[in-house]
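In what comes next, subunit A is part of two complexes: it sits with subunit B in the first one and with subunit C in the second one.
The block that comes next holds the complex of A and B.
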């Protein structure tokens, strides 16, 4: 995990000491850091067709974000469905747009480029981070790197928001170690919950005990710790 | 997007092709060129397979060439189809040109042994714009391939965890169960892992028949304890 992701998360926590408005802050920070016009953060289902818009940095991003889910087509829908970034630096180019209705709507809103990043942890599809620009053109390497770090931070944020429903959890970056993913699967079976809830349980325990999640995962795998909902 | 195979004239009528592509006796044979452009992933596989099958069936002695110079992204699924075609057609099939993103994925997957030597794409258009686009495609392709690989690995670990929870076994046992079942059913470990996590999430059965068969094999495996599989 890049140190930049922790830096972004620390910045969010500092900016929202009471834990309110974290998502709004993230999309605003992301728009600034990646030098784009607007940013939208959405929770999605696995199929990518259903979604809830969590935060948008401005009105236009909100319009286009809603548009995609109404039409069930667009880069964000594709990113969620296929689990990989959908980058379209020039919506106005091309005789046959990939997303005809979405493209028309986005152009009408004055947006010419869109970059959608899926927010996933393995098989868990959490959401999508969409970046919009009012001018055509690709993200530079540095902007792309920023966007990817913000996508990782957004993944952590969505898990954090999920944890709050279950009674708490820290705003920590996702630990990409094999043991954590394996323990997620084990907890899912033992506690009879979905993978995302299992990951939430692991994170909540790590947060409550002040233990690194890797240690919680190892304890689960060793059979020393049982987590339940 | 796959364009129609362009029928070229007899092999002799083409500019002399480098490499040992021609049939030994110098007979006139049909050379069908299947040209792939843009993004190639699971969604384009059925079309790719149909085009290749048609091109391969045109002339029992004919040659089939795949031109991947204009491919901006390729995932493992279409690459697998190309490798299968190569195995089936041997010297009658070859890749004539690949873009850099394709080259990178071929190298990463070790399929260069199967697919044989492929000339790297020559930049035909000297315009700076084309170079910039190629660079962008390269960067995007790399970002996508890397993200796909990371999430794929995590999903396999989650699937292992699910099997560990269900069977009460350790990670190594779960891994060998996955490997054996995948090999026995002719599906990729990653596809099987995805099917396992999807089944755990209560999603509909995977569409691909071999994956379905593999799931049945997993569910019927003697070490099965309890669980959703």
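The block that comes next holds the complex of A and C.
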């Protein structure tokens, strides 16, 4: 996992010592770091059609987020549905845009480029992070790296917010080890919970015991540890 | 079958996979397995750039090699990392008598039972998108022809990764790379779900999903999704 993701999360935690306003801060920091006009963070359902806007960095980002979910088309909807980024560096180009109604609305709001990143851990679909620009043009390699790191941080944040409902867990990046993902699957079957709840259980156990999540996962896979809700 | 005939067969198989119910992670796994089959190496692992300045393991033929590749990433030291950052091929790395380039990695590789490794870049024009690592337990030196074959397989992996859409531009390349990384995580989760339901190990679970995907000409990630969603149960995979 990129050290930059941990740095972003540490910055968020420092800026919001009481844990309030983490999402607002994330979108603002992301807009600054990736040099874009606005950023929106939304929670999505599995089908990609419904969504709840969690935070927007400015008014225009808010308008465009709402627009996509009202129209049920746009890069954010595609990113959620297909689980891959939808990058559109020039909305005004081309005679047949990928998303005609969304494109018209975004251009009317003065936005010319949009970059949508799915926030997911394999089959776990959490949300989408959308970056907007008032000028056309692709993200540079460095800006793309920042956007992807903020997307990882946003994934961690959404998992953290979800865990708080169940009583806590740290604001930690998702460990990318194969064992962690396999153990998520095992726990979901044994505990009879969804994958996201299974991952939350693993993270909460690691957090509570002060153990690396990789070790918790290995114990689950070896059949030495059973987790339940 | 002569080695040449088998090699030709493998190339046909890989080309076939490219047009028929293509699944990128499955394809990369097959490439690593064919490396072990066609070359005098015991294990292979593949790393892909995550476009955040790091690399992630997407395929590995054994658990040991997967662990070693992860360790290489954590330690930020090793021939695959260098091959990725320079785009150079690094052949016949002596892990038992290491020079001063990768002392920590070499020691770990020896602990995992390896003596020699090859690091092959996955290049796309001026860019490097990943690296392929080949490992031997015996102290076998690759001939130049074997190194070249390894590089060809690494190049095929690159083509496979990018073929799904004409990756002429950076935008599509990014979308495809990120999609491959997500797909790999999904398959790991499905291995866990299936192993718990079927009472098998994760390796058997993977084989079960893969042979079902092959028989039914469905992409592996689609099968993995169905396993996670509970619409494909162990008995469906075994019988269908």
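Here is the rule we go by: the second predicted complex is superposed on the first by the 229 of 229 C-alpha atoms of A that agree within 3 Å, B and C clash if a C-alpha of one lies under 4 Å from a C-alpha of the other, contacts with A are read in each partner's own complex, and residues count from 1 in each chain.
Methods note: a residue touches a chain if its C-beta (ideal position, glycine included) is under 8 Å from a C-beta of that chain, and two chains touch if they have at least 3 such contacts.
Because the structure is a prediction, the values reported are computed rather than measured.
A.B. asks: Both complexes share subunit A, so when I overlay them there, do subunit B and subunit C fit or clash?
C.D. replies: By the criteria stated at the top, subunit C and subunit B clash after superposition.
A.B. asks: Could you tell me if A:71 is touching subunit B, subunit C, both of them or neither one (first, second, both, neither)?
C.D. replies: A:71 contacts neither subunit B nor subunit C.
A.B. asks: Spot which of subunit B and subunit C makes contact with more residues of subunit A, would you?
C.D. replies: C
A.B. asks: Once chain A of both complexes is superposed, is A:225 in touch with subunit B (first), subunit C (second), both, or neither?
C.D. replies: So A:225 meets neither subunit B nor subunit C here.
A.B. asks: Could you tell me if A:152 is touching subunit B, subunit C, both of them or neither one (first, second, both, neither)?
C.D. replies: Second partner only.
A.B. asks: Give one of first, second, both or neither to describe whether A:16 is in contact with subunit B, with subunit C, with both, or with none.
C.D. replies: The answer is neither, since A:16 touches no partner chain.
A.B. asks: Check whether A:136 is in contact with subunit B, with subunit C, with both or with neither, and answer first, second, both or neither.
C.D. replies: After superposing on A, A:136 lies clear of both subunit B and subunit C.
A.B. asks: Given the touch rule stated above, what does A:2 touch, subunit B (first), subunit C (second), both, or neither?
C.D. replies: Second partner only.
A.B. asks: Of the two partner chains, subunit B (first) and subunit C (second), which one does A:104 touch, if any: first, second, both, or neither?
C.D. replies: neither
A.B. asks: Of the stretches 9-17, 45-53, 117-125 or 153-161, which one of subunit B hits subunit C?
C.D. replies: The answer is stretch 153-161.
A.B. asks: Residue overlap on subunit A between the subunit B contact set and the subunit C contact set?
C.D. replies: On subunit A, the overlap between the subunit B and subunit C contacts is residues 82-85, 87, 89, 118, 120-124, 138, 141, 144, 148, 176, 178, 181-190, 195, 221.
A.B. asks: Give the list of subunit A residues in touch with subunit C in this complex.
C.D. replies: The touching residues are 1-2, 4-5, 82-87, 89, 117-118, 120-124, 138, 141, 144-145, 148-149, 152, 176-178, 181-190, 195, 221.
A.B. asks: Note which residues of subunit C are touching subunit A in the complex, please.
C.D. replies: The touching residues are 50-54, 56-57, 66, 70, 170-171, 174-176, 178-179, 182-183, 185-197, 202, 224-225, 228-229.
A.B. asks: Subunit B touches which residues of subunit A in the complex?
C.D. replies: Listed in rising order, the residues of subunit A that touch subunit B are 46, 82-85, 87, 89, 118, 120-124, 138, 141, 144, 148, 176, 178, 181-190, 194-195, 221.
A.B. asks: Along subunit B, where are the residues that touch subunit A in the complex?
C.D. replies: So the residues of subunit B in touch with subunit A come to 41-43, 75, 132, 136, 139-140, 143-144, 147-148, 150-151, 153-166, 171, 174, 193-194, 197-198, 200-201, 203, 227.
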